[in-house]
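Labels for the chains are A, B, C and D, by order of writing; each one numbers its residues from 1.
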Amino acid sequence: MISVFLETIIQAIGVILVSPLYSGILDKWKANVASRKGQSIFQPYFDIFKLLKKETTVSSNASSIFIYTPYVVFSTYIVISLVIPVVYPEPILLTPTVDFLGGALLFSLAGFLKIIEAMESGSNFVALGSARATSFSFLGESTLITVFFAVALITGTNNPYIEHEFAQIPQYYLALDHILATVAFFMLWLFETGKLPVESSGLAELGMIDDALIYEYSGKPLALLKWGGYMKQYLLGSVLLNVFLLPWGMQLGVLGAMEDIGIMFIKWLFLLFIALVIDTSLAKLRLFKVQDFLAVAFVLSITSLLLSVIQNA
Amino acid sequence: MSIFLSIFKKKIGYALSAITSIIFVYYGITIGNIYGYFFIISGLVWLFSSIFSIFYDTYGKWLSPLFITSILGMAIALTARTYIEFLAGWEIMTIPAYAIIGLNRKLDSPAFIFMGFGELSTILIFAGFIYAYTTSNSFYFTALDTYIPLIVITFGFMIKMGIFPFLVTEWLPIAHGNSPANASAILSATMTLVAAYGIVKMMLLSPDIPILGYILMGIGGFSIFFGALYAYISEHVKGLLAFSTIENNGAILSAIGVYMTYPTKTIAEFALDVIVTFAFAHSIAKTGLFMISGTVEGEALSKLKIIRNKLGEIGGILLASSMSGLLPNIGGVATWSLLESLFMEAYILHSTLSSISIITGSVIAMGEGFASAAMIKFISYTQVFKGITGKSAKITIFSIIGFVILILGSLSYLLFRNFIYGVPSLGIPNGFIIISEYSSGKIFGDISPFYVLILIVVFSLLTLGIFGKPKVRKTNTWNNGIKPREEYTAFAFANNIRLMLSKLLRTEIKGDSLETSTDIFWKVMYYIAKKYVSFSRRLARSYMNSSISWYIIYMILAFILITILVVIL
Amino acid sequence: MDIGSWGEIYMNWFLKGLKKGIKTEKFPKTNPIDIAPWSTELNGSGNVNCPTKAIDNGSWNSERCIYCRRCYPLYSPTGNIDIFKVNKKNNIFRRSFYVYPIDIGTCGGCNLELKLISSPQYDMTRFGIFFTNTPRHADALIIMGIMTEGMKEPLLNAYEAMPEPKLIIALGVCAISGGILGTGSQIKPDVIIPGCPPNPYTILKALIEAKGDKE
Amino acid sequence: MRRLIGQLGKFCLYSDTYFEGTCPHIENEEIANSPYGAFNFTYGPSAGGLFESVGIDINTFGEYIRNIKVNPNYKKREIRILDKSIEDAILYIERINAAFSASHVISFLSAIDKISESDIDSDVLNLRILQIEMERIRNNLFVIERLVESAGFQVPLYQLQYLIENVNRKIGKLFGHRYFFGVNSVRKININDPKVDFTGIEREFKTIYEDIIENRIFIDRLQGNGIIKDERSIGPAARAAGFYYDARIEDEFLPYKDFDFKISTYNSADAFGRLIVRSEEIFESLRIISQIKVKSKEYKIKVNDGEGIGRVESPSGDSAYFVKVNNGKVVNIDLLSPSSINIELFSKSMVKNIFTDFSFNWESFGIWISEVGVRFI
């Protein structure tokens, strides 16, 4: 009981504290490839700490919903961090709160809240970005759901931890349906975390999608939203790694849990490297091409679903 | 008798109907079987909408008696023991509805469209009952040994629910769009509910018929997709909600489909609970949303006059999030359980048949995406995004419903009586988890709405405790240094989809307007038939640089083919 | 846009980037490399007729000088870039400093020079300095150009929209004194960076000091 | 072949002459009514995506641009230049737009030269050409950098910034100032360090250029974006549409004919075409520069009274000055800036595109608000 408690703490804290680091590393690498020395890999932390010290200016249109929803969004990501194998490979406390599909719905919840709260600022630029985010959600959310079911249909359970074990079996890992699902999920990850070729955070307002949702925020709420964003990237990325891409090598026990943070770090360097190559090699797609990009991911995931039932029929 | 009273004094009439509704709810609780749930749901809806009407009704003396008569009719239909009682109630429910829509006439068509389809459905239902009578020689609802009546009646009810292929985009939105908000609420929330109730009742009395199940499943799936899509691009404050009703009815229908296919006893039972959960989620949240549409001034989303306040926003957000199928609201539980049941079926069949439920599930997943989008649009442009702050009793009522929806999420355990579970070792005691299993003991997935709610609350408070409140200063919205001349319109908010899905929606940009075709569905079907031969080649060529509609058409096609395949075999 | 051809075409920017290597200079540890003389400190003696009164009885006032070279050869550039003044610094921003530039009537020169501090040679990001596109995220407001009628309201709005604590930086003589063209900004700056336009080296060093780095 | 350039004060300026009176306006179908759902999206004046302060009003259904209005007057500056001596006037002209400073000063000076008795030999004129061409290189690089930045195209973005900074340093080394401030006067052209070589630039830019136009996603953002084929257009916009318009071959005052270079044109008339033309021009300008011997030289201008017009090909098209001098002082001055014409072309070409195309099209014209929002008093 005590050990499971500790493992829970390690996983939750691990997610919250480590997640910004990976964005920092990716930015640093990107800067280096762009022949710059680049910022510190701890820059995300510096930004967050500074923002926590700053005042919050709020548009006169907004109410306290605008100010406090970021806290809810942040905590939603904490909940998710308890239910999917993002650090520790065995179920931990409260893991049964939701299954994989439930997790997907929680991601949608966070996204929904982010958009609604941002809309309260009454800014046209926010509306512009929200409109884009919502227009793509029908492909984004559905792909997330179908991808999660892709593994569920093979393992016969929607329990992410069992799926994680299952993925380690070679003949399953190399099966076509699993590969398709993996590709689909990777494309989705690029979209959900605002990476090229879908999005890149520049200064041009008319190109914003996710950046628009934090456009009106400042101070603590902004810090929480940014941090939440890092957690989202970490959570989705870790699922991608542990259930699809590199399910191996996770350790058990309290000490194991500690090691797992390190093991995850190594896995992440691998994922970040792929992201680096893509982010430094591609340009941003035209807005309406983004849906084609997502549609490909969606069709891939459905194909994987169909394959998984038909080939094992 | 409240009817007659209401003719003279409408407020009293509404008050009485509210009281009777409470009694009806109590009655439903005492029954305690699946039908009981339907009583509770409709009772609650009537209760809320009656109370709302007290503050809302400004439509002269006729609205309230008609409103109450319609409720009476539904009550009769729901409690009917014989076909005749049912039909009587059905008509008593329907006829005042024509009148209401007629009274509030902006165009002549809505009332007649509504009547026309109403009658068509009645005829089908009537025919079904006649056949049932000839086989069982009893006017009472009794077990049947043929499924013909079920099929006929199902389609009869489906018309009432506005389900594809009965002109997915035509009558329900227009009809409801042009009736007063309180009437729209009972029409949209309970009248369609009665229809669902009818199907369920006949289904339980009839022998299994998997083929019909698969067909309903698919039809439901596409109703969800197109209902949600058209809801998103709809500009009519009530029309949007009506479309979303189609979407929800589609969900209920595909749950019914899952039950009819009867993959395993466990899944079937689970599906039955899904139906009820969805009915709850839809009817009550939809009532609240229609009330919101009753609090705003005007009908075109882009040109509304709005009074907003914090309470209203919170209530609205809760309602909207439930309608978008998000936890911890009951809507989330409903969506979760529907998808689980579909994919459990896919897993258990593990054959080409599975592809039906897989495609349906995927289409539903997309539909849910549109549903969120539609709801974000609706709530943004009726409460959150603009408007002047102020107080209003009407706002208070729907925000209460919002909280009801939230609570219902954590009460949804009661709806899944046979699927309650717990993992004490991981900190969740027995009774706090809803599981989905495909045969007893074989757990597929699980969810704990109560824990989701509590955890989010607790962690939010923790976060607040750790990071503390922000130091706030009010300023103008930052709009590049000046005041924007105009606000971002609701029309523009959904315009990406009009442009992205231009093939599917037939978007035409004219000099002084941008139009989308409303009865696209037939066009699309025709389009598919024409294009199918050269389809695969086209798909390959237009893989990355063509419009999205190809992928949707692809899924529709795949689905239809498989359905036909199954029906033939 | 067929996926097949992505590989060979798109890897190469990544590889090019690696091949190019890191071009960032050691500044401010090392001295500036070939810097345009007429954006640095002037030194000399004697009275000249200076169109902006930057040279008044023998002393050179950086806050007015537009480097017109009328005073040459009596006065000539020394190559010293430290001509900025930091009246107020805030070390909350030591590791994270987001600046929002606002143009209230420039000739475009200050805009260009400011942008160039993000170029690989200078790379402001290694000091945690970034540009942002909304005052809500900004720690400093960089004001450039002479005060024009149309930009008064936007300037005040931007100032209002910024959360405390915040710094106001005047970039270029126009914003400081109005230079030769007009009058300076209506908001009192905490940091002034003279020059017409200021050299990227000067700008970068001034920002580093403004955010409270210990040199 | 005569072409209309634009309104210069009270004159309508043509490639080879000018008449008193107003030019025919560039027709741009006005959409007055705002149908249901459409609204005016206000962008600017102060935005991260806009390099200078400019107000942009987009009438839209959402994403789809029905009509667009550019308001350059937020940062409108009043230049107190009248009744100043030529020597002082130059200080103001330099600061109308730093990016095109050389073009402005030199077109102003050539107007002065036309009404003066001056002994200006070809070396001086060549040095003026040198300035304009360096300016062209720097500015075209900058335009391309902005395009690449809009596409979030990290590596080439910073490699271009690196290149721009290098060019700036070379200019600064040669003339003592990175934007040619205080370089030109009525007596001499100030040279700081005559031996600066521009070899290297060409090789470095070539590798970047060849690879960005290989990138399918990137060129997809530019092709078909902002198509404008209008014989009223000028500069790269005109040449990208296949028009052979260039003040360097039309205006005889600067001896471009002594140099071997070609006017680069393209026929797609879209943002991509403008990218190609500007890139090719960089190579041509480098060729011109390589043919120039830098040697500082004094010269003498005796300013007479009278009026004259000077015109040069600035990086974004014709830039012309009308100057009236009375006993050594500027009594009347008018400016025809390339950006004022490009803004009209831009507004026309932006219609029927979507929001995310905006920055690509806007940057491809190389518009500078500072040279439009000026009033001489």
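We take it that a contact is a pair of C-beta atoms (placed from the backbone, for glycine too) under 8 Å apart; a residue touches a chain by one contact, two chains touch by 3 or more.
Keep in mind that this is a model prediction, so the values were computed, not measured.
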The chain whose mean C-alpha position lies nearest the overall protein Cα centroid is chain A
Out of A-D and B-C, which chain pair has the most contact pairs? A-D
Centroid from C-alpha atoms only, then distance subunit A to subunit D, rounded to Å. What do you get? 45
Taking each chain's centre as the mean of its CA atoms, subunit B sits from subunit D at a distance in Å of 59
If you average the CA atoms of subunit A and of subunit C, how far apart do the two points sit, in angstrom? 37
Show the residues in subunit B shared as contacts by 2 or more other chains, in ascending order. 473, 475-476, 478-482, 484, 487-488, 492-496, 499, 543-545
Mark out which residues of subunit A touch at least two other chains, giving numbers and ranges. 33-36, 55-57, 124, 128, 131, 203-205, 215-216, 219, 280-282, 287-289
Which residues of subunit C are in contact with two or more other chains? 1, 10, 12-14, 17, 20, 23, 102, 120, 131-134, 136, 151, 154, 158, 160-161, 163-164
Given which chains touch which, is the overall layout a line, a ring, a star, complete, or other? complete
Residue positions on subunit D within touch of subunit A in the complex are 41-43, 47-49, 62-63, 148-155, 157-159, 162, 215, 217-218, 220-221, 354-359
Touching subunit C in the complex: which residues of subunit A? 31-40, 43, 46-47, 49-50, 53-57, 203-205, 215-219, 222, 276-277, 280-282, 289
In their shared complex, at which residues does subunit C touch subunit B? 1-3, 102, 134-136, 151, 153-155, 157-158, 160-161, 163-164
Which part of subunit C faces subunit A closely enough to touch in the complex? 1, 10-14, 17-18, 20-24, 92-93, 95-96, 120, 123, 125-126, 128, 131-134, 136-137, 139, 160-165
Subunit D residues touching subunit C - in the complex, by the definition given at the top: 45-49, 51-53, 73-79, 88, 91-92, 95-99, 101, 142, 153-156, 158-159, 161-162, 164-165, 168-169, 171-173, 176-179, 181-182, 190, 192, 207, 211, 214-217, 220, 368, 370, 373
